[in-house]
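What follows is one structure encoded as structure tokens, with my remarks underneath.
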Amino acid sequence: MSTRYALTLSCPNRPGIVAAIADALFRRGFDIQAAHQFDDPASGRFFMRTVFVAAREEADFPALTEELEGLRARFGMKLALRDQSVPRKVMILASKFDHCLVDLLYRHRIGELPMAVTAVVSNHPRESYGGLDLNGTPFHHLPVTRETKMEQEAALWALVQSTGTELVVLARYMQVLSDALSAKLSGRCINIHHSFLPGFKGAKPYHQAYARGVKLIGATAHYVTADLDEGPIIEQDVERVTHEATPEEMIRRGRDIERRVLSRAVAWHLDDRVIMDSKRTIVFAQ
Amino acid sequence: MSTRYALTLSCPNRPGIVAAIADALFRRGFDIQAAHQFDDPASGRFFMRTVFVAAREEADFPALTEELEGLRARFGMKLALRDQSVPRKVMILASKFDHCLVDLLYRHRIGELPMAVTAVVSNHPRESYGGLDLNGTPFHHLPVTRETKMEQEAALWALVQSTGTELVVLARYMQVLSDALSAKLSGRCINIHHSFLPGFKGAKPYHQAYARGVKLIGATAHYVTADLDEGPIIEQDVERVTHEATPEEMIRRGRDIERRVLSRAVAWHLDDRVIMDSKRTIVFAQ
Amino acid sequence: MSTRYALTLSCPNRPGIVAAIADALFRRGFDIQAAHQFDDPASGRFFMRTVFVAAREEADFPALTEELEGLRARFGMKLALRDQSVPRKVMILASKFDHCLVDLLYRHRIGELPMAVTAVVSNHPRESYGGLDLNGTPFHHLPVTRETKMEQEAALWALVQSTGTELVVLARYMQVLSDALSAKLSGRCINIHHSFLPGFKGAKPYHQAYARGVKLIGATAHYVTADLDEGPIIEQDVERVTHEATPEEMIRRGRDIERRVLSRAVAWHLDDRVIMDSKRTIVFAQ
Amino acid sequence: MSTRYALTLSCPNRPGIVAAIADALFRRGFDIQAAHQFDDPASGRFFMRTVFVAAREEADFPALTEELEGLRARFGMKLALRDQSVPRKVMILASKFDHCLVDLLYRHRIGELPMAVTAVVSNHPRESYGGLDLNGTPFHHLPVTRETKMEQEAALWALVQSTGTELVVLARYMQVLSDALSAKLSGRCINIHHSFLPGFKGAKPYHQAYARGVKLIGATAHYVTADLDEGPIIEQDVERVTHEATPEEMIRRGRDIERRVLSRAVAWHLDDRVIMDSKRTIVFAQ
């Protein structure tokens, strides 16, 4: 089977972009397998995701990349080209609650998430996760206190760099990243917040939801930016609750919502289906 | 067919309430057709809805009401007893957008909402509603400006009183009621807000939702209190949107969500299924 | 504002299709505003929807259509090109229950459904629809009995032809169309079935759903084919029910599901977002 | 903390049942913490779930049980009284796909499912489940062929009996139980079927769903009866799919639906919230 490439791009919309890309792929011997595009009428920007394979013997990848570089310059594109057969390197951060961590590792194990897990990092020790088979993945215990926060973030960043981590997943990691680290990870760090944002930012969202008497609770996966709980949203989902649901019951139901919302966001990111656009995201979901 | 009564009550929870009510109904010749109850572990309050009919010839309603009065005093109950065969008197307020108004009137026409519409009131003239068959329901045009607001609210309140209106429905009525009027209508005025509260309070919620890039939009029906958009929530619902949805498209989808959320809230209120409890509601939905 | 065209096509997938279309649009002076495509890995077929406007003065529509004709022949395309500023001619058929009819007409009135209603046809007389403002749309009463069915279908077909009707909507029309008429209307007749197909085909689906004890009820909008309740599905939706829901309550809830499912299917059809593909549909929904 | 008891019952509806039960609980010193009831207008049967604790020192459980026995006889009740502090004994059966098994064990580990797992049984060997920590739970490999089916079912039944198993969960167990065994386990065996029943019974439901072109896929948890895929439904849920979803993608999404539907059904059964009523279930869900 041929290598599969994913091309994602955005640029100011003007006539001829699709024709130029399609023509380049065709002439260089590649065959489009899936394509999504979006012309944003509000911003005037154009977004595109194309997945393609070498269709014929004469497929010439170096020539294609050179040609795409020309188009990038000509149209002012932000452009990413990726060989999808190489799994992305992903680091998972967790705290006390491990339902998202366990879920991501399980999905990875059965082949649902094409990634290479570089490390699991927690501010709790390895013993906290009884019953969790890491299957050889390195585990790092980086306990955080007010005093050690800077230092531990430095250790975390060193780990990201040394492992070549391309995506950091905050799987109910309960430490707030500093602005500096958030900025460094911009566009490659996904957090799960346990509320339907923008409702119930901050701490104890299920208790807030209970107090407000909402009839649906939710969770939100978003890219991390310096602005806490304000990053571009990738996915959200909700479940219905009644007056019978205590905060504890909401927390229980929330676990289900959180893990499916986070896993969808991660899966779409890994499949090059998400493009950040300022405070919003374009998600070419299946 | 027998008259159907709905009994709703709330009181501090203590042993013997259910036994006392059930026993009174039984001894006085009434048969329970539906019953819901809720013991709130957080507040220690007990809530109950019972629908019953005269089961036997010896059914004695005056004796029952007297007995219930005794229980009310003994248990410190807030208690409401209603003959469900008498439709509630409902006034509907609307503004420019008539989708909720049209929907409520249609549901009424086909027998879905057991109510008597006392009046339709709008700050826009009757001619704004082409194609709307009021079927004899009085229409009142009460245009509101900053100068006339007090005066028109007085006219509205006079209308509520003169018609014996028991429930006021704000069916996308775009004027904010004063604190004084809100207080007078407390527990008997339902508003539909076009966002998933507590997200996007205030004006232009769909534009706010678009700007924030949420992946689900929603609507909220709540009782009106002096605290705008903070009243006890009766019902909420959402629909999924993608990056392709413009604010205009969200408004279009929102109409569907708004009318079904509002109609459910009104239907449950009319069927005595909602009990206000401070900032929350108990909804014994079907 | 420029005229907006919608081009929809399907053909066996092979390299160069997108490039050829995009290039033709670009060279002839048209600008793509929205584009969706789908490569079906199972059938090897390619599907595309493109919406475009004349972008520059030199935009040449006759030249474009000629060029598209050439591509049609070359790639073996089924191809439809439509001026979206001309509303489609739509006939609505209804029976006793008018919730879908009323809903479609209301959406049309507020500008949500860009269509020209050629006629409302019913096997019940005009008087059955109290409170329905047809706003000048012709109403035809075509009562159907076993004896008159053939004859009335002939009248219906004559009406479709004389009015130039392009889409027939069966808005809870309770008469089964003959195979002959179904075949004639293939791909341009949408039915709403009051169950989540393929469950509960045939009569009284809510009673079937009740008997089976399902926990969700639904509705299905599909293109009509000779094979009853087996036509290609355009849209489906569901709502949760509990053991408390009687068949009558399911019917009541079903009305909400039916009208939103049917209106979505009609809206997508009118916006050239649906492509039939044998027993399935490609729906480029917003 | 007091022991919590759950009383569930059903009987022909007649006046005085609630009064009698409430009165008995009150007089014997017990306090109701949660109560749900349902008068089925179709069957004329009455269903009730009451959770109660010893409220006062004089609470007399033997006297209560004796009194309830009297009521059982008097009203013709099916009645079950259970001490909820004793976790139910549950056996889980799985086959090749372990997502439901893994999910149930995880929920058990974090305290979400109050049960004692007596055994995990599979027709695949222990080695098939890499990464699965059974935490001491016995694993039994009972491979099934046409020849050994009878014999292995006998072994399974012996295991159920020797372990005192009260609930058998078929967590994507791909062997069809014989009518004889199904009958023995009636009302205490829950299966997850990977379709939205009654659609797509039998094998390969996701491939059937794909072929039919449905727009929502689902899963169904039901009690096992001799009639395959026709048992009383406890819970169902769905997710939206588009034309882009291949059967493989549906299988992937289905795993999420299956595990949440099954876990809800099991949780409700363990909390005495489900009452079987012929082909339907009463579910007093939270």
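The chains carry the letters A, B, C and D, assigned in the order they are written, with residues numbered from 1 in each.
The rule is simple: a residue touches a chain if its C-beta (ideal position, glycine included) is under 8 Å from a C-beta of that chain, and two chains touch if they have at least 3 such contacts.
Please read all numbers here as calculations on a predicted model, not as lab measurements.
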Practice task
Fit chain C to chain D on CA atoms, both being copies of the same sequence, and give the resulting rotation angle in degrees, nearest 5.
Solution key: 180
Practice task
Please identify which chain has its centre, taken as the mean of its CA atoms, farthest from the centre of chain A.
Solution key: B
Handout entry: chain A-chain B separation of Cα centroids, rounded to whole Å
Key = 41
Handout entry: chain B-chain C separation of Cα centroids, rounded to whole Å
Key = 36
Practice task
Mark out which residues of chain B touch at least two other chains, giving numbers and ranges.
Solution key: 34, 38, 41, 242, 244
Exercise for the section: Name the graph shape formed by the protein chains and their touching pairs; answer line, ring, star, complete or other. Expected result: complete
Handout entry: Complex contacts: residues of chain A adjacent to chain C
Key = 15-16, 18-19, 22-23, 25-26, 30-39, 41, 55-56, 240
Handout entry: Contacting residues of chain C [partner chain D, same complex]
Key = 38, 40-42, 196-200, 210-216, 218, 232-238, 242-244, 246, 279-283, 285
Completion exercise
So, in the complex, the side of chain B touching chain C is made of residues 34, 99, 102, 106, 109-110, 112, 130-133, 135, 242, 244-245, 249, 252, 256, 260, 286
